[in-house]
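Next up: the structures, one after another.
In the two assemblies presented below, chain A is common to both, partnered first by chain B and then by chain C.
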Partner chain A sequence: MAGHHDEYQVHRAKILTPAFYVLLFFTVLGFLLIAYRFVMGIGAVSNLSDGYPWGIWIAYDVATSTAFACGGYAMALVIYIMNRMKYHPLIRSALVTSMFGYMLAGMSVMVDVGRYWNAYSFFIPSRWQPNSVMFEVAVCIMAYNVVLIIEVLPAILERFIHMKNDKFPKIKHYAMIIYPKLDKVLIFIVVLGITLPSMHQSSLGSMLIIAKSKLNPIWHTEMLPLLFIINALYIGYATVIFESFASSMAFRRPFEKEVQQLSKIIPYVTGIWLAVRFIDLYIRGQLSAAFAGDFYSWMFMAEMLLILTGTYILMWNQYRRSPRMVFIAAMFLLIGGGWFRFNVYLIGFKPHGNWSYFPSLPEFFITVGLVAFEILGYMLLVKLFPIMPKVHGEHGAEAAKAH
Partner chain B sequence: MSDNTLFSTGLHRRDFLRLTAGLTALMGLPYAMHTKVAEAATADNRPPVIWLHFQECTGCSESLIRSGHPDPAALILDLISLDYHETLMIGSGHQAEKSLEDSMKANWGKYILVVEGAVPLAEDGIYCKVAGKKAVDSLKDAAEGAAAVICIGTCAAFGGVQAADPNPTQAVSASSLVKDKPVINIPGCPPSPYNLLATILYYLTFNKLPKLDKLGRPEFAYGRRIHEHCERRPHFDAGRFAEQFGDQGHSEGWCLFKLGCKGPVTFANCSVQRFNDVGVWPVSMGHPCIGCTEPDVMFHTSIYDKAQIHEITPPDFYPNANPAPRGKGADPVTTGVIGMVAGAAIAASAIMANKLPKGGDDEEDKA
Partner chain C sequence: MKKTRRDFLKTAAVGGALMIAPLSASAQQEIKADDEAVGMFYDSTLCVGCKACVSKCKQVNDMAAAPMPGDSDRVWDAPEDLDYRTRNIIKLYKDEKDPEKHAYVKYQCMHCIKPSCVSACPVSAMQKEKGTGIVFYDKNICIGCRYCQVACPFNIPKFEWPETFPKIVKCDLCKFTNLKLKNIPACCEVCPTNAVIYGKRKDLLAEAKRRQAENPGKYEKHIYGEFEVGGTNVIYLAGTDFSNLGFPELESESAALMSEHVQHTVYKGFIAPVALYGFLAFVALRNRKSAEEVAHEHETEHELAVEIEQELKKEKEEKEGKH
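And now, the complex of A and B:
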């Protein structure tokens, strides 16, 4: 992989932009609310109840945000499994997004867990319950967090190795020792980085299989693990597209051509997903319920409309040539794919008894704060370390000098 | 439990203690009494039981020998001394009749007489004869020397199917013919075998009959209505009824009242004690209660007629079938803020999309 290291560059730009301060404000607000939650308890900040023991912290931060964070996974599949090395320049930014996405999931679980002081049991194997789906998800997410950090590590080491001035001689010294060794084992880490999400993304679906009497039959199926893993894939590609366009616009870089080519894969993935979804509904005899016109049916149709529209756009060559249309399609798929996960985890979920749930304001701002933290970290990292794909030609030199 | 086979030998100590503890609970006695019950059940003078069959289907006997703990062999040989039972005894013909006479003579005044079936009175009672003896005479002779008479099953207790209109044999209940002895009715079609065992053990333990209701049924088993402890009761209180067999409500396990369930007028412990040692009973299988422990319900009204309910509303101490709303829902401020954030995100995406070039380069799609 030594040949790929000159594919990336540090995005040299001002760090303290107005956007930075806005994000910082929401991050600080979010973390203050989290501190309040740990002092006063979950009930003080959230609308969680015995009927709805999980809310947006799990439905968004864990179930949906880890799918948004599947960019690294989806890219690794294309690059290393399908051997499309031309997409390699996109991997680091995708991995950084994934890293922050999964970190967000891990932090949210700690905020959401009622008796967080028991969480250390997780590191004591004698207290494990290895038959539990939730255990599998927890182990996998934690392991994948570590894997992602190791995968991003070369970018950080490179920065210190290629540093012009000797501000951190010790770090540079160690970086020079670790870097070649890490480079040799990195491919195994990459393999692990493909395996782990395959495991826990499907398990995120398995989690709701147990709730047969509570989850609406439009969404409750034995096929949930399969649906979740395919869903994670196309959300992952859509995230890579979104993130690439968004950073190109925000950082005034030329568009990365590769993502438009990448978008060609998406209709195949969504096609398989839609086929599984509809065949499953047909076999279980729930098609009429899905189009009955009640609240749940409308939620299902919204989910379908978003995914079908995104798929339709990306099926046509002339649309795939237009950055605007590709971006719009990616947004449809992100919202549609996330909608499906929300439907499974929250909207289609009806506990026994007369319960209702809607996130409270502090609960919502904790999630906003964590998302702001994620974007903030991304912006900071790409400006400090070689993560963005190298820009070629005179256009690139210009962009690198901008700001 | 030990093996439930017909041929297993004896009753294991642990199983025996479990049985007596269970029966103690069934009789509504304090837990500490179970040693007393166990002692009574192991005493040397195990009660001789004489079991007579008249106009019946042997379903009650079937029910008894289907009880898993104790299994039939242990029940007949260890727990009680079943001296005469036409379907279970080994002997036949004159030999069988001799053992009946011998047992009656030997245990005169001490044995428990169990009667299964109704007794016909028409044309001097010629419609049911065993060994050439009319049922009415057999009953009279056997009851004379009995310590107590237990009428098992609805036929013996209330006449049952034989006594239903037009009653061609003029069948009457066995309990109505025994005047000078204590009579316990254990109705049911069939009754739970544990109600019989518990009654016998109660008698052995305390040397007196359990408290009976005005129809002669032990109150510990027949003191409450099926309806009071039915697992489908919350559906009744919430007004969720199965309207016909196989409909949505029926498959969802809703209340069977509209299908003719007699639970609201039937006093029995079926909904608590259940059957076959696996916790089943008719209502759990989706069939309405037919009211077989009541003299005026089963065989006198249609199975699918609705019962008359006198107490429609549930007692205050029942959990509410229509629980109040719980959990915090949406409030205007939160909804507004979340809506604004979502709107801003969509607007930002739209602006971004608008800024992106519409057309693209031609060099693409070689992937």
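And now, the complex of A and C:
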């Protein structure tokens, strides 16, 4: 929105750091492997099989990484719907993280699908299959990718508008024309940016309902869509905390105060999630299976322990005052929340017959490469455009004057 | 019927709704086999394990050989299991304690009455033929997402993993080959003992029940496929428990119906998403209005507007100066 442009600043720092080269190495490695996959086929790079047709490319890159990319969604909900404008400085970096997270999901899907050249089927109404959960998820994620790019656009435009030297006069001219127009309609895009994740994050849970005979009953429930959307919310808040802490370490910025306040919301969200989870297990009579002590039960208990620990830490005011504890709690919730999604998509999934799956090295490094690419893009964008929250105090004033 | 649905979808798309997953009231009806539905009936006690059906299936459907691991010629077809080269296979079960007790079993697509693969496919590449109930695949539409493989309780759809341009492979009752030419699937045509026969599902079911009644003690009471996941058009009789023959124990409820029910509850008529959007937009606009009342906000907004105006003016002047 207009009027907030002075809340953000370009992070003035060297782009070609050692971290940049490390990430670049993994990105290049990943893309080489992707090239190999497109020449030799999926079987040549992955351990996927007819029993486990979906591996980490779906379980991590799509199902889990889009939850990690829910920071923009979770923050927009707090700022625009719950009307907590004080968190507004956090939204841009959250949105950029979301944009790259969803881009990663989109790219992974194109690596994962076998007949990618037929992907245009989604734009042909006669082929639409509204019974399919996948249809909803695919179209919704595509639309949300566009929404995220539009949401990040103001930061890009502002940079060109405020450019003192006229290096790109044409772009500056159009930026000045587009910016006020975009600003007027942006609120409707922002609202779309809350509606779409509400839809596809729940549907990501619905996706496994159809595989009832294969998914362990500890995880298979009609409540999966509800569990997934609440899970996306607390993972989203945890990501904002993680991202703020990581950038304060990496970029030597002060840890944002708003983030610590934000952590107060999390125990309410996880509390609701835990309640739904346990009541559902109780009603379906699966509580004893969940604590039976076998492999699946241990996986369930690990998931629970991580989320309960993260929640417990954030329940106490004295812990919330310590940035370190807030960060640790966020890590517990990120891993625990992601663990739940992995349990649903991979660990709790067991097809009839003798099938097993563990990702192959190339498969793993394709995911690593795409994640590295995502972080690389984030680091580049915050150093080129006003995305990070403005640092308050003297140092911040200097930084603000610099551009 | 189909036209109206398509029309609705178009209108919904034009209306700005980005997500459509509602409608098709028919999907929520009870599962019931069509009277015209066709399928196969395999009687394990009649099968002699000659595998004529396996080779004929490969021949008519133009499937590649699946050589044994140590086969240097790479020509001898010895499939170990269903895969992208094998739509149909015969396997042998032997009782560990009583070697005399053995039974053959034939695997291929079960042609479910409410197929999960069809329900899962996002682009209608998996389809169920109206009337006959044959579940078939169209590679020209398929995007290769493999959700059909995840959804199928019998693990039937197979993927061409080693191929650069892979497709899904599964039995379609020879819909485009033998059934089209000779009105019978290849496996049923060549079976020397009539262990597998082709016909309408209701006739096949009646025949299975007749055999059970005429030969007390010979067969298990269970007719596999009669009720599994809402019923399948391929049904089985056997002299041994079906779990011995490698069949999964499945509920009579269809998970596809469960999934569609959840999906339709949320997305029926696309009302919920639109209502959610409307509600959120209302709240967000109201919040923005109150935020705008804060003077500070006005100032900065004004500043930027003035700044842009000045810049544009300067640009214009520069342009005019050039002329």
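Keep in mind that, in the parts below, the second predicted complex is superposed on the first by the 394 of 403 C-alpha atoms of A that agree within 3 Å, B and C clash if a C-alpha of one lies under 4 Å from a C-alpha of the other, contacts with A are read in each partner's own complex, and residues count from 1 in each chain.
Here is the rule we go by: a residue touches a chain if its C-beta (ideal position, glycine included) is under 8 Å from a C-beta of that chain, and two chains touch if they have at least 3 such contacts.
Note that the structure is a prediction, hence the values are computed from the model and not measured.
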Combined model on chain A where chain B meets chain C, clash or fit: clash
Partner chain(s) touched by A:Phe20 [first = chain B, second = chain C, both, neither]: neither
Partner chain(s) touched by A:Ser49 [first = chain B, second = chain C, both, neither]: both
Touching partner for A:Thr195 - first (chain B), second (chain C), both, neither: second
Touched partner set for A:Phe31, first chain B, second chain C, both or neither: neither
Residues of chain A touched, compared between chain B and chain C (which is higher): C
Partner chain in contact with A:Gly353 - chain B first, chain C second, else both or neither: both
Which superposed partner A:Phe251 touches (first chain B, second chain C, both, neither): neither
First, second, both or neither for A:Arg324, with chain B first and chain C second: first
Listed stretches 24-32, 42-50, 60-68 or 312-320 of chain C, narrowed to the one that overlaps chain B: 42-50
Footprint overlap on chain A, comparing chain B with chain C: 49-51, 353
Touch list for chain B against partner chain A, complex: 322-331, 333-335, 337-338, 341, 349, 352-367
Of all residues in chain A, those that touch chain B in their complex: 47, 49-52, 84, 86, 245-246, 249, 257, 260-262, 264, 317, 320-325, 327-328, 331, 353-361, 364, 368
Residues of chain A touching chain C in the complex: 1-6, 38-44, 48-51, 53-54, 80-81, 83, 85, 109, 112-116, 118-119, 121-122, 124-136, 138-140, 143, 161, 169, 172-173, 176, 179-180, 187-188, 190-192, 194-196, 198-199, 202-203, 206-214, 222, 225, 351-353
Touching residues (chain side chain C, partner chain A) in the complex: 6, 9-10, 13, 18-24, 27, 82-83, 116, 119-125, 139-147, 149-151, 153-155, 157-167, 229, 246, 248, 250-251, 255-256, 258-260, 262-263, 266-267, 273, 276-277, 280-281, 283-285, 287-288, 290-292, 296-301, 304-305, 307-308, 311-312, 315
